[in-house]
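Note that the chains take the letters A, B, C and D in the order they are written out, and that residue 1 is the start of every chain.
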Amino acid sequence: MPSRQYVLTFSCPDKPGIVNAVSGHLFGHGANILESQQYSDPETERFFMRTVFALVESGASFEALRETFAVPAGRFAMQWTMRDRGDRRRVLLMASKFDHCLADVLYRWRIGELPMEIVAIVSNHPRDTYRHLDFEGIPFHHLPVTPGHKAEQEAQLWTLIEDTRTELVVLARYMQVLSNALTERLAGRCINIHHSFLPSFKGARPYHSAHARGVKLIGATAHFVTADLDEGPIIEQDTQRVSHHDTPADLIRIGRDIERRVLAQALRCWLDDRLLLNGQRTVVFSV
Amino acid sequence: MPSRQYVLTFSCPDKPGIVNAVSGHLFGHGANILESQQYSDPETERFFMRTVFALVESGASFEALRETFAVPAGRFAMQWTMRDRGDRRRVLLMASKFDHCLADVLYRWRIGELPMEIVAIVSNHPRDTYRHLDFEGIPFHHLPVTPGHKAEQEAQLWTLIEDTRTELVVLARYMQVLSNALTERLAGRCINIHHSFLPSFKGARPYHSAHARGVKLIGATAHFVTADLDEGPIIEQDTQRVSHHDTPADLIRIGRDIERRVLAQALRCWLDDRLLLNGQRTVVFSV
Amino acid sequence: MPSRQYVLTFSCPDKPGIVNAVSGHLFGHGANILESQQYSDPETERFFMRTVFALVESGASFEALRETFAVPAGRFAMQWTMRDRGDRRRVLLMASKFDHCLADVLYRWRIGELPMEIVAIVSNHPRDTYRHLDFEGIPFHHLPVTPGHKAEQEAQLWTLIEDTRTELVVLARYMQVLSNALTERLAGRCINIHHSFLPSFKGARPYHSAHARGVKLIGATAHFVTADLDEGPIIEQDTQRVSHHDTPADLIRIGRDIERRVLAQALRCWLDDRLLLNGQRTVVFSV
Amino acid sequence: MPSRQYVLTFSCPDKPGIVNAVSGHLFGHGANILESQQYSDPETERFFMRTVFALVESGASFEALRETFAVPAGRFAMQWTMRDRGDRRRVLLMASKFDHCLADVLYRWRIGELPMEIVAIVSNHPRDTYRHLDFEGIPFHHLPVTPGHKAEQEAQLWTLIEDTRTELVVLARYMQVLSNALTERLAGRCINIHHSFLPSFKGARPYHSAHARGVKLIGATAHFVTADLDEGPIIEQDTQRVSHHDTPADLIRIGRDIERRVLAQALRCWLDDRLLLNGQRTVVFSV
């Protein structure tokens, strides 16, 4: 990015004049549009837009531009966000015993692929589980889940989310089901990676189910978490070829690669404000 | 193929000595093994093998080799087939209104990609539906399905299958559900192309269901037909990326490409004896 | 498309205010933007845009909107096109002996996947070569290439292109090299499908070269034709896995599938005005 | 693996009786064949085979079986290896500044995906370059390359290879060109990952070249190292879609994912004896 960039995303009921109002507002406040994507859903008649812009006029002020954007936003009943692309989003990572997704997200973050502030790593397993991973000072929290104390554990988790001002929770193969109450509180800001090509093979042990059914491709799905297990809006999916020869253990191994690239791709989209909710589905603006 | 080739396939309970017995028999009858694939299923403890061979000794006789193969086959309780690769299998194609799979199979057959004898084309729609397709003399049979006369139509179909000595029935987007009685008669020799990535989106209008669920990839599945609709052993699958922008009509268009290549691949495997049943799953020997 | 739609594409030197000027013009003439994509090339500092719109104000006139667009277009030095999406582009298809791409394009056109007017089919082989293909009344022209008479043949071709008001020439595996003079005349409106993943394996017999090199994937490339053989701007590419077992004949067979889907995708992009030239490269707006 | 398994690989001039001789030898020494793949190259008339077996007769001896295998091996002029699949191969890893391949190989090794003994990690950069990676006691050697002292550095490297009894050298994005003398000494046991889809974009900065050419897919290639830079036998390749929007930096990011999965796949094949040289090409037996 050559200079400071800002990103605006919004959705609203579709009607004539939206793009003109938005580009007029940006232009009138000294902004130049660098990228722009839009989508009009013919079913819901809802309009989605993402615009990246820079301030090119001398004296232009991002704060003024943002504050006054409330006027067109109100006129079109927009749900909108506008922010400096350089600001790092606050992300909390959760994992269980298997750490391939956690290790992969950490690696990509370290080398700058995923620009974010990791505010905490949470696990139901102790720190020693990840003794080979360098957390580089990211606070680690061991929040074990014991029978009859799940509500307590989730209360601790929620306090942590609030204290850290977490914007997004990433379930990086966190193998515990969150309560309905927590998933509602985290609506639209909790991403899970499920180790199957949803809607096939929901729930536990999907690779074993895939093997039993004899499928010729396996997959993984990143989705927003909702109260309906593995039914949340899908963000990203991918598949890979397998054969009769592959055992469930082989599928698990092959699946690790799919899971980590699907989760990383979903996270990258979210961090770059490419991801908007459209009811039970998502709008994902590609580059 | 430089000279005449033969192919042996079999499955049997796994135990020591199978490969040695088979290769000994072949060698003893003047054959040289050109290709060989095998698979031992650790769950069912069943052994699968496919061997391509040529006769290289002067005086070697395929008939003698095949006849006497009954001895090792009996010893190991094999289910086996052995045939001349040059013999063309007898295939009956069935289609309904949409002819993209039918047109594709016919094209591949015409240019020699799918070596087979197409003994008949059957449809519940009249010949004029396919007026742009050159059937090159393949007999066409219009067997309409009318309420209350399904059994009658299937009886005609069965007679046709017998009269033509059909070895394989291909449902190339034939949009009628076969009766249980007929699927049982056709067990292991009827292939369907389903326009979803099974086990997701069984039944009718899978592209509409895929769109409603907001998946990011769609797929197609070639499978053996059984009495359980869309539950038969899977032969081949593939997927392709879609986006929020794609309407159900777009998915149908994108899906046509997936369907035709998946069906062609499944058919090629069957014609080349690469496809063996393993209970509710398949063994597909790649090249 | 629920109502009449129009599409504007342009490229111009990048500077602030372009999007605002365009959307202001459209809005001012009673248009509502339905889709919009843009790209700013940081290297060439050139800006590319495609916008789909409908007229929603009563009394709005496409002709007036287009005529007056010359003002902002001139101000920003745009190269632009604006047309009714319902107007069918005029396309001329050329083929040689192998007809898999020709047959595929014809099939997709017939069922409405590729909305265009096919003004002629040209081949250096006689009509009988394609006796199994239904041309549905599209004029066929046999323009054989004989030693010493290439210039003559190309003159006939050029006359045909002019007489038919051809907008795009598609070389659907036309295996003759066009002269520099002709490629220059057809600059930006002649698409070729090359049977390799360019820039690997330019020129003749690419599948044999790929086999000799032992690659593990083969591919195909659709590109604009320029005087430099197989060096024109790339539009679309795809690859597929092969193995040591595949002979050159196998690669040719596998390649046919890649070629036809790559060519169809490139053609679809062109027909939908998604394809803009950017020097030696292309901008292809995905949906 | 339920019990101890052994693997035999060989290649030899093709002639009748090879499979029978091999299976007869194995069976005669109390072995049961668990897996078997073979390939007969019609061009070179060379035969390749890989067989996995277990000893099932009481009193069977692997040492005796291997020792006496010299007889059929001699008769057919085989180049062969036979070993216990449980024995870990000795691998030396080399890296430079970018550590994504190194980190990935180490992770896969740690969790058991790549069963091997990593005898050393060598870099032309100091240990601190990899301060976030846990080498778990694997000896690290900093062998800097300074102008005029390359031969010296390679001598140190060669001593290390000998002292560690290294069986395979993996250039995990080691950005130094090895001398002809060293590549000859390492013939058939040095694997490199090149960051392009060879034979396109050999040499330095392939992603920049790919961007300049405007390709629509990028790739990576694992190959055996030979004196001809980036011309060695190809083991594994893969590609991924890119667009006009992607900068060289984006291609580098996308490429990292391709590189690490291609290298891991090549290494897995080598470790599992699925990889045989066939002149300038490879035979890679899939599962």
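Everything below uses one rule, namely that contacts are C-beta pairs under 8 Å (C-beta built on N, C-alpha and C of every residue); 3 or more make two chains touch, one makes a residue touch a chain.
In this text the structure is predicted, and so the values were computed from the model without any measurement.
Considering every other chain in turn, the ones in contact with both chain B and chain C prove to be A, D.
Counted by residue number, the contact pairs of B-C are over half the same as those of A-D, the matching pair from C-D, A-C or A-D. Ranking B-D and A-B by contacting C-beta pairs places A-B first.
Averaging Cα atoms per chain gives one point for each, and the point farthest from that of chain D is the centre of C.
The rotation relating chain C to chain D, fitted on Cα atoms, comes to 180°, given as a multiple of 5. Per-chain CA centroids place chain A at a distance of 42 Å from chain B. Distance between chain centres (mean CA atoms), chain B to chain D: 37 Å. The residues of chain A that reach two or more other chains are 39, 42, 243, 245, 286, listed in rising order. If touching chains are joined by edges, the resulting network of the protein chains shown connects every chain directly with every other.
Note for the complex: chain C touches chain A at residues 2, 15-20, 23-24, 26-27, 31-40, 42, 56-57, 286.
Of all the residues in chain A, the ones that touch chain B in their complex are 39, 41-42, 197-201, 213-217, 219, 233-239, 243-245, 247, 278, 280-284, 286. Residues 100, 103, 107, 110-111, 113, 132-134, 136, 243, 245-246, 250, 253, 256-257, 261, 286-287 of chain D are the ones that touch chain A when the two sit in their complex.
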